Amino acid sequence: MPEAPVAHKIRILFLDVDGTLTDGVIGFAGERDFRNFYVRDGLSLEWARDLGVLPIVISGRSSPSVAARMAEHEFEHYLGIKDKVAVADQVRAREQVRWEECAMLGDDLPDLPLLKRVGWPIAVADAAPEIRAFVKTTTQARGGRGAAREVVEMILRHNGVWDRVLERYEAK
Amino acid sequence: MPEAPVAHKIRILFLDVDGTLTDGVIGFAGERDFRNFYVRDGLSLEWARDLGVLPIVISGRSSPSVAARMAEHEFEHYLGIKDKVAVADQVRAREQVRWEECAMLGDDLPDLPLLKRVGWPIAVADAAPEIRAFVKTTTQARGGRGAAREVVEMILRHNGVWDRVLERYEAK
Amino acid sequence: MPEAPVAHKIRILFLDVDGTLTDGVIGFAGERDFRNFYVRDGLSLEWARDLGVLPIVISGRSSPSVAARMAEHEFEHYLGIKDKVAVADQVRAREQVRWEECAMLGDDLPDLPLLKRVGWPIAVADAAPEIRAFVKTTTQARGGRGAAREVVEMILRHNGVWDRVLERYEAK
Amino acid sequence: MPEAPVAHKIRILFLDVDGTLTDGVIGFAGERDFRNFYVRDGLSLEWARDLGVLPIVISGRSSPSVAARMAEHEFEHYLGIKDKVAVADQVRAREQVRWEECAMLGDDLPDLPLLKRVGWPIAVADAAPEIRAFVKTTTQARGGRGAAREVVEMILRHNGVWDRVLERYEAK
């Protein structure tokens, strides 16, 4: 488990979608688009929300399939966003959270501007080389295959509340 | 083939869905959810049922795609279940089977309470570390890619009826 | 390229579907089933048909998605078949072809009875161990990822007509 | 980064679809066909277009799902094409571009005639052996998993404009 590069507790986790919460596949079945999400990523983001780390999902693309997945978990999400930093900054201000208290998980160049703002920038294992070169932490798991789960565990351990997840499932 | 940690024959096999009977992908095509199952897992669970091992599928989530797959095989299934132990206990009592005569195959923390009850708790190869640390048997195959098939063969061998599968297909 | 275990030219190639022409995934999107086929497998089966090797697809299951794929290529196919040997025998008799002139590609126990009849039984790389133990040839490629293509090339080379495929694409 | 086999700048990039912009899976969900594309491939082809390299997509097959993906990016595309060379030649003439100024990315035998015409023929990592044997450059990434992205970066570096991509995302 890598050491967190911040002293403060993390209060917001920004997440990209394609390649981060999915494996990067953008499918089409006829004219209907589809995405591959991962059960453990969604579950862990619910734990984060329950334990004081707000997941905020920001995607550069609009997609009915992404909206459906977000609705299922009732995650706060922003789709079709050109300027991810501006959206993140608004949420951050509303929540009265400083950039040092934010983490961000991404995989590709469009995520870089926001990764540069947050206190804890994190890349999925199969992120673009430019992203892995910049961040301080890279997950073992690939995007859409447990990267978000790994990040949630890192952050909840850093925040000192991971044991509360384990207790919920008789794992402690 | 690992040795079974129980002396009794196994009469019920409880199974999780996402990450166990599927590869963990929860897909959305527009608003329609989808899942990836595996042909050999479903076929082997039919052998189990024919040969005296009742497959009982219990998922924490509700999903039309999971319901459709279960209906195809006419497997007894419970979806959207918060307390898996309570549901399993009811089935067990109805079938007049003791916990020691039950096996369970799972992959993640929500499966742990039920894994702790059964005589033979089993994890898929790519289960969460907390699950692999607890169970006595971990399959070689991943969830949704033959883990259930491997478990059915283990149980039917343990129960002394595997040859009847081979005979059915001229394999013996 | 393995040597063919038969002296005669191959005139019919029997093929299983799930796990052979697909990767074994049986998906459901809502109540609609889906399958993953592979572009190079379908293309190569068209070459086989054009060059005197009739592809006959026989599946134990019925599925609208399999029927759609077969229709796209206009391959002769039989779905929902309990007794694959009986169906294959009828086609064989109609075509006036002896069992020694037939090949079969399969992946799992339900394919074994037919594999035992044909002159050239072949397993996909990720076939069940009982199948790999029986056949004389196992492909390098997995089911639904080029196994059929590999088999078509093997058979057309054996039949002495592979160069005609290469010539068609200026590859010779 | 391999050296380009041409002295001129590349002005057109021809691309195959199945196995090149997708992973080769041709899926069917009921009667509806589907394809797996990759987020980073589509994004990079937009960079190419913005920076003077015209992406032209030519497929031997017709498919509503491919048409939907192409429409999303507004890429010029030709589906159901028997003679890829003829179509490419028309586009080339219209754009007043010589064959030496064209690149082509493909994966299988039907791509070979066009690969033989262009100045810079390129194969995806998992291309058919006949294709890899012919081209001068083979990508590290597989088809539908970043091969097109890798090619776009190679071409834009060769053309001397890759830094403009990096600048757009604060990566330089």
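Order of writing sets the chain letters: A, B, C and D. Residues in each chain are counted from 1.
Rule of thumb we're sticking to: a residue touches a chain if its C-beta (ideal position, glycine included) is under 8 Å from a C-beta of that chain, and two chains touch if they have at least 3 such contacts.
None of these values were measured; they are calculated from a predicted model.
Engineer: For copies subunit A and subunit D, work out whether under half or over half of the interface numbers are shared, and give different or same accordingly.
Structural biologist: Under half of the interface numbering overlaps between copies: different.
Engineer: Which chain's mean C-alpha position is the greatest distance from subunit C's?
Structural biologist: Following the centroid criterion, the farthest chain would be A.
Engineer: Can you give the rotation angle that fits subunit C onto its twin subunit D by Cα atoms, in degrees and rounded to the nearest 5?
Structural biologist: Value: 90 degrees, nearest 5.
Engineer: Averaging only over C-alpha atoms, locate the centres of subunit A and subunit B and give their separation in whole Å.
Structural biologist: 31
Engineer: With centres defined as the mean C-alpha position, give me the subunit B-subunit D separation in Å.
Structural biologist: 44
Engineer: Which positions in subunit A touch two or more other chains at once?
Structural biologist: Each of 27, 29, 32-34 in subunit A touches at least two other chains.
Engineer: Enumerate the contact residues on subunit B facing subunit C in the complex.
Structural biologist: 27, 29, 32-40, 42-43, 64-66, 68-69, 72, 145, 165-166, 168-171
Engineer: Which of the residues in subunit B end up touching subunit A in this complex?
Structural biologist: Touch residues, subunit B against subunit A: 18-19, 22, 24-34, 61, 108-110, 112-113, 116, 128, 130, 134.
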